[in-house]
Structure formats: structure tokens, C-alpha cells
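Paired with chain B in one complex and with chain C in the other, chain A is shared by the two complexes that follow.
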Partner chain A sequence: MVQESFALGNSLVHRLDPRFKIVMATLYAFAVALSNRFPALFLGLAFSFVLMGISRLPLWEVVKRVALVNGFVLFFWFVIPFTYPGEAVLSLGPLTATRDGVLICARITLKSNAILLAFIALIATSSVASLGAALGNLGVPEKMVHLLLLNYRYIFVMEEEYHRLVRSLTVRGFQPSTRVHTYKTFAYLVGMLFVRASERAERVYMAMLCRGFCGKFHSLHEFDRSRGDLFWLCCTMTIIAGILILEWVPF
Partner chain B sequence: MACLVGDAALLLPNKKRDIMHISEGVLSGPVLISGIVLAATGTAIGLKKLNYDRIPRAAILSAAFFVASLIHVPIGPSSVHLILNGIVGLILGWGAFPVILVALTLQAVFFQFGGITTLGVNTVIMAFPAVLCYYLFGRLVGKGPRIALPAAFLCGSLSVFLAGILVGLALTFTEENFLKAAYLVVMAHIPVMIIEGIITAFCVLFLKKVQPEMLPGKIP
Partner chain C sequence: MIIELDNLCFSYESGKPILNDLKFSLPKGEKLGLIGYNGSGKTTLLHIIMGLLTPSSGSIRVLGKPILGKKDFVGVRRTIGFLFQNADDQLFSPTVLEDVAFGPLNLGKSPKEARAMALETLEMLNLGGFENRVTHRLSGGEKKLVSLATVLVMEPKALLLDEPTTGLDEDARGTIASLLNGLSIGYVIVSHEYDFLAATTGKIYSMNEGQIHYNGGADALHGHSHKHLLKKHLHRF
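Entry: the complex of A and B
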């Protein structure tokens, strides 16, 4: 259920230094999110497609993921055109869609997908372990990095615990339905998960102390930036500059 | 084999997109930046209160929350997935901010729900109600079941309601004409509120029996 399917691979993007990828993705995401003119947004989307292309991720998987995440955008398409004031372009029974409303939705769709594709191409192609080390290297507080890495480490363990609890429910003939009994069972399941997590945490911490933990994780991960990293950073900066020019310079 | 089939049916993977996370590209600059500032402040307070000896506990509990929030609970013909921010607040207090920030980061990396620019806003949407509920109900859930049960129910439903209101506020501050959409978001959360209330109440009842020291109750 929890998988890092995109992190496997050996494309150009997979090999880039995760620190550079985080910086690129962040700057790029903000540049696109804060733009509003269509030429800027189309440039952004085009660059995202380029990144997607060189990441060589399985296309069908990406399409499925993008479709799923577009739910919120779809919700906007159902509501905003019909509630936004402005000149009417289309009427469906009692509802009229306005030009401004449609434009806003189009903007949101472009922005959302441009950022999403760049995120998949740049961030989802790194493992969480290397992202954590990279974040620490970029100056994120150490406690935060510990939380991220330990959380990641134990998600899979907790998932297994969860499957075990669900299995034992199933063997006892549990059938979920809209009843208080179902909710009670789920609540106890969640509670049991927390109790097991808390007990495991104590054992883990004691084991860490036994191994001499004194507030620091030593990472064996060494970062070395290559020419490729600098090249792609420059490309991203150029595209960001292009987006800013298209957004702010009146033609 | 029957058991395997039942298993699969329970574990509906994250097929449904919830509207608790705001997608990238929707909100305006000022809203995104306020979100980042508020989330950073909350996280700084939370990290300050989490000593190194409590980090593993917070991290592993947060992994449990991550997994629990993927559980789909049936409601009529449809299903909703649990949010559990009320109970996160009860168990972790201010620690809810860093823990939720980490969970949302991982959700973005694994499923691409939410993203970099909205990380701040989405953290505030979930974590602020959690901390508020900790102060409102933390003491009450430590009392006898007559007070603790309704308090836990309120804690669960109020935390979802407040999260919905915060989503609505983020949308309305971006563009005042999003008001109708914001209203629909809050309305859509009413069934989730009721279910979260029931689940939180039973969950607190369970923890009181099994491991009462996990709940606050005796906060100074």
C-alpha cells in the first residue's frame, strides 16, 4: 500500500544530487504557484514535461497518479465557473458558467499539474532516506530530520502491525458496514495500533541508547555535486527567470 | 482464501482524494506565506517541547497515525478515510505540529497529495485544531467516562470541523468569490465529523482502559 515506486530507476534525474533537486523543485514550485498569466504557466508546464521525459518514469503509473491528485481541481471545475461573477459563456439549465470562473479554473489546472509533474520528476525520484539526509544538509533542524527518518523507518512496520490486526479481525468474521459496532471496532483497531507504536517506541529508544545514541544520526551518505547537477540547476533557474519575465514584463 | 479477500476489501488503498489537503496552484501568495510562517512557528514550539528522548516515540506514533489515516471506514454506500488529528493532538500536544508536518511531507513524497508550496498551509489546517483540542479537552478526557466520552467525541468532531473551516478560510482569503466553494468544503465534512467523533470517543475509551498514561489528563 505504501510504496516508493518512482524512486527506483536510473535515469538522469534519478542520479542528480537530492539537495539540488529539492532546491530546484522548491524554487520552481513557488515560481509557478505565484504566476497568473497564461504564457508563464504554459512555459512552466512545458518544462515539467521535459523533466518528466528525462526521468523516464513509467508513463501509465504517472498518468494514474496525476488523475488521482486532480480530484481537488475537478471539484473546482464543478463549483467555481457557476459561482464566480462575470460575463456568462455557457448555461446548463439553471446554472450559468462565467468566463472569469472558467479562466480561474484553467489557471488552477495548469499550475497544479505543472507543479505536480515537476514534483514527481524531481522529488519522487529520490528515496526518503536520501531526501532526509539532503534536508539535514540544507539546514533543516536535526530533530525534524530524525522525525522524518524514524517515521519513514517505522511506517512499514506499523503497516505490517495493521495488516496483522486486520487479519485477526477478518478471521473472526468482521464485516465492515455502517453500524456503531463497525466504528467501535475500527476505533479499537486504531487504539491498538497506537498502543503497539508506543510500546515499540520504548524498546526502540532503549536499543538506541544501548548502541550509544546521543542525539545524532551519522549518515554514511556522501553528497558530491557533479557538473550535471550544476547544469540542471542553471536550466531550472533560466526557466524560472523566463516564467518571471513572462509574468511581470508587459508585452 | 476467503480471509485474503476480506483483507483486501478492508484495505482499500488511497483511492479517494480527500479535500482536506489543498492542492498546489490554488492559493494566493499571501495565504501560502502566512501558512508557512504559522506552520514554522508551531513546529518550532513543538520541536522545543520534544526532547531527544521523546523523538522516537513521536516518530513511531506518527508512523502509526500515517497508517491509521489510510483506513477507510464505510458510511452508507461510500467510505471516508480517517483524519485523526483530534487524537494526535490529545496524545502529542504541541508535538502535533512537527509530527503532522512530517506526515504530510511523506504523503507528498509517496502519493503526491499536497506539495511543497502548500505544505505550510496544510500543516496549519491539520495541526492547529489538534493543538486547540489538546488545550480544550486534554483535561476532560482524563476524568470519568461520563465527562471523558462526550469530551472525546467533541474533540474528534471539532478538530475536523475546524480543519474544514481553515480550508474554507484559506480559499476565501485567496479569492473572496471562492466563498461558495469554501462553504461546500465545510458541508462535505459533516459526515466525516460525526464519524471522527465516534471513532475518537471509542479510541479514548480504549486507551483509558489499556494505556491511560498515553492520554494527557494531568497536564500542568
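Entry: the complex of A and C
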């Protein structure tokens, strides 16, 4: 089951106003993603580590998540250095790695890790419910916010329904193989999930009508920003400024 | 009278009639049980009262006022609370507090008032401290109680409960029964369980062939119900 384990802590980052965290993470992600020079990228990565340190998340869990993304990044290292044109730095049999290719891979690695760590530290430390309310408060259209929240609420129910269907297949001796029967069964399974999802959507809507729903969602969340929020927003803006300076000012 | 139904007919497309000239009324404060086979139209009836389905003919009156169109049903939904069979259909907000406050917010209360009403209702149902729990992680019994809170917070004049004990264990059933007994408002419970109905309602009706029949007081009924049921079952199979 999907768990929001990172959102449960009580560190300084956990207590920040989710609206500020969303703004900080977004601006920071753009700054890092659009930078190309290494000093700027290293500064970004260092800041991500600082955020990670303050959030006091369980290190091993974070490593596991970061490793997942770096698995994809590794794939770039296998391909780009050997296919990108430029000055050769290494030959492996018929393959030649280029300097430019290696640098591109290094940038991708730095950027993705910096952004990922910052998002884990800032965004994963808030519950989806509070993030939804924060997005609404920041001016994201109501429909998008409720799409997010309802998706989040019912993904667990769908997961349960999926497992129920799979169990009923298993107890009747179903074993997936490469046969038409298997494909047909999976198609039925997916089709059934859609049917149940749409039926459930209808029932949920009826339940909402019965409680006086008239097409408008009212939010219960009230946010209050504190000095800590402003302080950390300023810190982030300073770092972003630092990244921009390192990126644009020639030394 | 809270609810009065007269000559109600309903059938799904090209099917045999589900409700056939049905008559029913719920006096103020009365606690009624409704029992019947699967497919006898119990849930359909409740949905018609709430305006989720439209009857093919017949009249519905709530608090003595005839209910004619969509607009009237908006008022009905404020007067009558409906507890759905599946709590997962009823609870759609991420947290318990938001779900319970959903109704009051729809009634035009301010966030502060809605929050206070929600907390008060949770407290009343012994759910104090549940407000920040995530709805999908509650147990079956807890989900049912929170669903009840989401309905009671709107201060309805009567409740309709569709199979409130489905999938609940003995303890949860007991909790729900004692809560219902403690309510001052009337309700209609649709259920398959005589024991539960006998414990929570004064009169039990049965639904058959699209009509509602009075079976007698809950106590009287319970004495002979099983034999009576068995015979009917034998007929069916």
C-alpha cells in the first residue's frame, strides 16, 4: 500500500507552510534544471543536502528512493558518452566515449539528484491533503486540486479492488503465460476495474449530493505563515540567486 | 410525518416493476426496520426518497410538503440524512475532519463553524482525536462511525441507513446499535439482520413484490422469523 511515511515527521521542514515549500521547491527546481555550469550545480546539490539534513528523514529510505531514479540515470551513462560527437577520451573496443558526452551525463546526474533530494525534503514532508489545499490556495484551478485529492483517496480503493480480482483469478487456478487466454483474462481484469471505478464514481457522487453538494468545494484549510517560513523562503531565494550568479557571471 | 410515500411505482428500463404502488410513511421520531430479499427494491426505495432516482409515478412528501423536482430534493437532503451501504463511497476526503465538515460547508457554514460542528459531532460519537486521521486507513467499523458522523453533523430530522452492518464485526455492530438507540431522531434501517433490527428499531416492515408490509413489533417478529424465512427459502430454491 502507498504510504506517506515521509510526511509523518516533525522536523523544521515538516512544520513549514506547505505553500511556501511548494513555491521554494518549484523555483529551485527551475533554477537547477536551467543551469549548466558545474559550480552552480554543485551549489544546488549542496543546498539539497542541507535541506535533507534539516528534514531528518530516515536516511536508508531516502537512499532507496534516490537509487531508483539513479538507475535510470545510469542508463544515460551507458549510452550518451558513446553516441555524442566530440573529442574522444576513452576507447572500449569498438566504442569511443567523448568528453562532451561524459560532461552531459555528469550534469544530468547532478541536476536530477539535486532536484530529487530537494523535492523529497520539501514536498514529501507534507501530506497529500495539505499539499492539495496549498495548491488551491496558491491559485491552482479547483478542478485540478480535486482531481489530485480524489485520485489520491481512491487509488487505495482501486488497489484493493485490483487485488480482490487477482485473488479470485488465482484461487481458480489462473497462471499467466503467453497465451490468448492470459491476454483475454488481463483485458477482462482491466475492463472490470474500469467498470467498477465508474460505478464507484457514481456512488461517491450520489453520496456527495446527499450531503448537500452543489458543485462547489469549500476548503476547511486555513494557512498561517510564520517567521520561519519567510526565513526559509529568503534562504532559498539567496541560494537561487547564487546559482544564477555562478551560472551567468563569468570568472 | 417526516416522510410520506403514496402509490409509488418504479422500474428499471424494460424490467419488471421494482416498486409497485408502494405506500409508506415515517412519523417523526419513529425507528423502523425494513427487511427483504436481495433485489426486492429496498435500496431503490431509499434512493428514490433522496432524489437519486426518479419514480415513474406516485407522490413523495417530506415534512408534509410535496416533493416535485430537483430543487425540492436539495431541501430533502438537508432534512434527511442518508448513510450509504459502503463507507468508502461516503468518505471521499483525505482526512476525517474534512469529510465531516463537508456537509456543513455545503450548508453555507463558515470554515470555523464547520470545523467546530465537525469536532463536536466526532466527540459525540466517541471519535474524539480522529479528526486528522486519514479516511482510507480507518478500519471498517471506524469508517462506518465516521460516515455516521458525516451525516449527523448536518443535523437531519431523520436518517435512512442502507445495510449499516455489512462487513462489520460483533463489536462494531454493538457500537452502532447503541449509538442509534441513543439518537432522538427517527430512522429507517434497511438490513438483512433481524437481530440488529430487533435491537435498534421498534417496528419491522418487510418488502415484497414491490410493496411494504407491516410485520409487527420487533419483539413479536423475532420469535417466529427464522422458521418463516426458512420456508420461504425452500420455496425459492
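Quick notes
Rule of thumb we're sticking to: the second predicted complex is superposed on the first by the 250 of 251 C-alpha atoms of A that agree within 3 Å, B and C clash if a C-alpha of one lies under 4 Å from a C-alpha of the other, contacts with A are read in each partner's own complex, and residues count from 1 in each chain.
Note that contacts are C-beta pairs under 8 Å (C-beta built on N, C-alpha and C of every residue); 3 or more make two chains touch, one makes a residue touch a chain.
Please read all numbers here as calculations on a predicted model, not as lab measurements.
Look at A:129: by the touch rule set out above, it reaches chain C but stays clear of chain B. Touch criterion met: A:75 reaches chain B, while chain C stays clear of it.
Of the two partner chains, neither chain B nor chain C is touched by A:250. In the superposed pair of complexes, A:93 makes contact with neither chain B nor chain C. By the touch criterion defined above, A:204 lies against chain B and chain C together after alignment on the C-alpha atoms of chain A. More residues of chain A lie in touch with B than with the remaining chain of the pair chain B and chain C.
By the touch criterion defined above, A:114 reaches chain B but does not reach chain C. Looking at the shared chain after the overlay, A:218 reaches chain C, while chain B stays out of its contact range. With both structures placed on the common chain, the touch criterion links A:139 to neither chain B nor chain C. Once the two complexes are overlaid on chain A, the chain A residues touched by chain B in the first and by chain C in the second are 4, 128, 149-150, 152-154, 157, 200, 204, 208.
If you check the complex, the residues on chain A that touch chain C are 4, 127-129, 132, 149-150, 152-154, 156-157, 200, 203-204, 206-214, 218-222. On the chain C side of its complex with chain A, the touching residues are 47, 50-52, 74, 77-78, 81-82, 84, 86, 88-90, 92-95, 97-98, 101-103, 105-107, 111, 114-115, 134-136, 150-151, 154. On the chain A side of its complex with chain B, the touching residues are 1-4, 25-26, 29-30, 32-34, 65, 68-73, 75-76, 79-80, 83-85, 104, 107-116, 119-120, 123-124, 128, 131, 141, 143-144, 146-155, 157-159, 161-163, 166-167, 169-171, 174-178, 180, 182-184, 186-198, 200-202, 204-205, 208, 215.
Listed in rising order, the residues of chain B touching chain A in the complex are 3, 6-7, 9-11, 13-17, 19, 21-27, 29, 32, 43, 47, 50, 52-53, 55-64, 66-68, 70-71, 73-76, 82, 84, 87, 91, 98-99, 101-103, 105-106, 108-113, 115-117, 175, 177-178, 180-181, 184, 195, 198-203, 205-207, 210-211, 214.
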